[in-house]
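Just dropping this structure here.
Letters A, B, C and D name the chains as they come in the text, with residue numbers starting at 1 for each one.
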């Protein structure tokens, strides 16, 4: 019989403690943000999709040597890199650098395997589109467009 | 204008129709306000914003949801009992309106005053179980059926402590008339301040929570076990009516509590209670109780079915019985 | 280490082909080579010694499937890797009535390789869907299939990996 | 996934109930066919494979570095230990020495990920029992961890942060400061969970004595992780076969007594504190030095190799068979939830459906990990 009343006492007490926790939360400030209007600062280290890197600040050329290591190492096969020999230029000249973001798993192996640091991660994270084609990026064009 | 008033006064049927429409409006308004408050308070408890998009602080959200529900198709499952499936939401909703008619919002503001108002309300509230059973059965869905069965057992078990705890008030006032019960509590001597009636009040609140299928006793719609329980198959306004009726039942539960234990339309410390002020005090008590219900809902996990029964039969019913005896003794003595 | 010694003794007395192996290199302490008929006795011995079942799987090699069992112990670090060759029809006795956890692993292995665990009550597909029951996705193509010798660790072999020869493109890139 | 069920219902009082593949309590696309007698589940048949991706075939069809990103995709809630196991497996096979700083960073990030995973597990479990609020508090705390990890790894869920021979990037002072602040803050939050959930009488009644797993059952099924430790067996790969630098740290293995759902839940709560302790010690002892050994592309040697790590849900074993090429000849991935779920049938037969939900939630399942 004493156990019966003890159950009521301890049970009721634990329930009141629980109510206290949630009541404290009502008073505390809200932690979420109203996303499209308010944005949290996203770390610059975010690994978004990849981009070609500029040669330097005011030069729109890139570092790529068309070695093809990125495309070769990519586990998802989302990179297409092609180049051609041109007269007067040592090595190959990059003609095609297509990147299929729909297949990419953002592992970053391409960036690591690049011996010339011609690739980098973009910090863009709000990507949306209406068709798959919109995520087939031509990285050369994107570089020139910047 | 005068002609219209005359017309209304001449035809009592018309008068009833208008009263009925007003009551339906009140029930829907209650659902909108409560739905909004529930979402907002749940959000604050969980430290988020809740609805914010439509209107200032999202106050139009519920109206928009209502419009959305109206616009949706009412899908009837292939093997469902079509007639009963459509009947159930109406059967759930109608008693709510009928009970609202008998609630004394203030001394002068009520739909109808019955000498046996309490019995009428309790009887009408029981129809809710029937509606849920029909909804669950006619859906032809195993989850719905579980929900319906649970609901029936739960409601039958919890009606007893509700009645017993209300009976102690009836014994004290020697009346089933809600107006008289409220008048008996004029001044600050609300019934909840008497120790024996306070126990009855707490028992009523717990049992009422179960009776209205609110968490932590929301077993008929336990979403982690039964997906959505008895209204799994409902869509569109069938679902909407269930939601409206749920908030209506919550309102009824809270208003009975405030009438029987918290002095109804009496202001605290004998403050003036004209027709409008009375309604204000009444509504504020009801809303405080409903907010407590919401607060409880967003705090606790759900009980298991046998524990729910345990609570009713092992704790609430013995306590309310003993409490009733004590009250009867006290009434006889004093 | 007493547990490992004990187990070693028990297994040796049960006439199992057991050898200690280098944990640092291969990740298990004892290696057992089983014949098809020994599998159930071995599983029973493992259960009696208090080992839990880690996994059951198979490797597709040329004579037939090599079925791999791994066990470990809750109390001490002792991981046992057992290998048994299935017979020519790809059959091997089940251990799922001794180790109930082997049930799903055996069903999975049956899904992927088609190894038949004789005595298994319920070899329905587990991870693959029913219409893929004959797919057996992990069977090797004939040109990739190797002999069991190829995938066996050479005793005393060098642990170092052999570097891959650089391809022409890389060489040009390096220049 | 088998569309056929093993039940042949002849008793007309019994009927089949499909729980899932879309059901709030199955946390993903798991389907459990129940043979019900009233509200009692008399027969249980889990149906897997709705999220099956054939990871093991993928491992055999690409080079070993190419498979690496997949490892984190199996258990997206606690991806770090999955990555850890794979890189450590390759390191063991190739005999690659990892700089000590890198190992410490691995431990720190793994443990943070473990806390995040446990928080989600606890929150989702209480959600199964019908309380909505705790999961959002858990998400709030988890957010701190994800933000901190995002800052160094660049990613929030599937990190791909470890590399064979080290880690991708060194951690900086901001991260250390942030982590210390998190530890301090989170220590204060744990009592809140205890007040809100652990002490709650309804929660205790729902979990106590529900879904008891005995030590013998765990052994036969190969249950590991908090599921096992709830049964009172202090088994943790981090202690018994210490990998990385776990042997440098002082931490306890919390265990339960009865092996019921409450114990499994409570073990997770206690492990939060132990993980905090490990992170604290690792931050204190963090040595200087490089974080990435010189990477080498190499062929896998002939022979097999296995590596086990303790993920948030139990023992993960990678078993790799190499044939001397760059492509794994076979990779078996033994995932913890797979074995943990397989005991559901024995654990839950004859239970009320509400208890079934409670017991299944306490296993903390991640379905893509089971389906692989």
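Going forward, a contact is a pair of C-beta atoms (placed from the backbone, for glycine too) under 8 Å apart; a residue touches a chain by one contact, two chains touch by 3 or more.
Just so you know, these numbers come straight off a predicted model, no measurement behind them.
*Asks:* Please give the pair of chains with the highest number of C-beta contact pairs.
*Replies:* Counting C-beta pairs in contact for each chain pair, the top pair is C-D.
*Asks:* Report the chain closest to the protein's overall CA mean, measuring from each chain's own CA mean.
*Replies:* Chain nearest the overall C-alpha centroid, as shown: D.
*Asks:* Let me spell it out: compute each chain's centre from its C-alpha atoms, then which one is farthest from chain C's centre?
*Replies:* Max centre-to-centre separation from chain C belongs to B.
*Asks:* Please tell me the distance, in whole Å, between the geometric centres of chain A and chain D computed from their C-alpha atoms.
*Replies:* 24
*Asks:* Between chain B and chain C, what distance separates the C-alpha centroids? Give it in angstrom.
*Replies:* Roughly 63 Å separates the two chain centres.
*Asks:* Just the number, please: Cα centre separation of chain B and chain D in whole Å.
*Replies:* The mean C-alpha positions of chain B and chain D differ by 44 Å.
*Asks:* Compute the distance, rounded to whole Å, between the mean C-alpha positions of chain A and chain B.
*Replies:* The mean C-alpha positions of chain A and chain B differ by 50 Å.
*Asks:* Where in chain A do residues touch two or more other chains at once?
*Replies:* Touching at least two other chains: 15, 18, 21-22, 25, 31.
*Asks:* Listing for chain B: what residues touch at least two other chains?
*Replies:* In chain B, 45-48, 298-300 touch at least two other chains.
*Asks:* If I count partner chains per residue in chain C, which residues reach a count of at least 2?
*Replies:* None at all.
*Asks:* Within the complex, which stretch of chain A touches chain B?
*Replies:* Listed in rising order, the residues of chain A that touch chain B are 8, 15, 18-19, 21-23, 25-26, 28-32, 34.
*Asks:* State the interface residues of chain A toward chain D in the complex, per the touch definition above.
*Replies:* 10-12, 14-15, 17-18, 20-22, 25, 31, 43, 45-47, 73-76, 105-109, 112, 121
*Asks:* For a test of understanding, state which residues of chain B touch chain D in their complex under the given definition.
*Replies:* 42, 45-48, 142-143, 146, 215-216, 218, 222-227, 298-307
*Asks:* So in the complex, which bits of chain D are touching chain C?
*Replies:* It comes out as residues 1-4, 6, 48-49, 52, 54, 56-57, 60, 89, 92-95, 215, 218-224, 228, 233, 235, 240-241, 296-308, 315, 317, 319, 321-324, 326, 329-330, 332, 334, 338-339, 342-343, 346, 371-372.
*Asks:* Can you check the complex and tell me which residues of chain B touch chain A?
*Replies:* 41, 43-49, 52, 295-296, 298-300, 315
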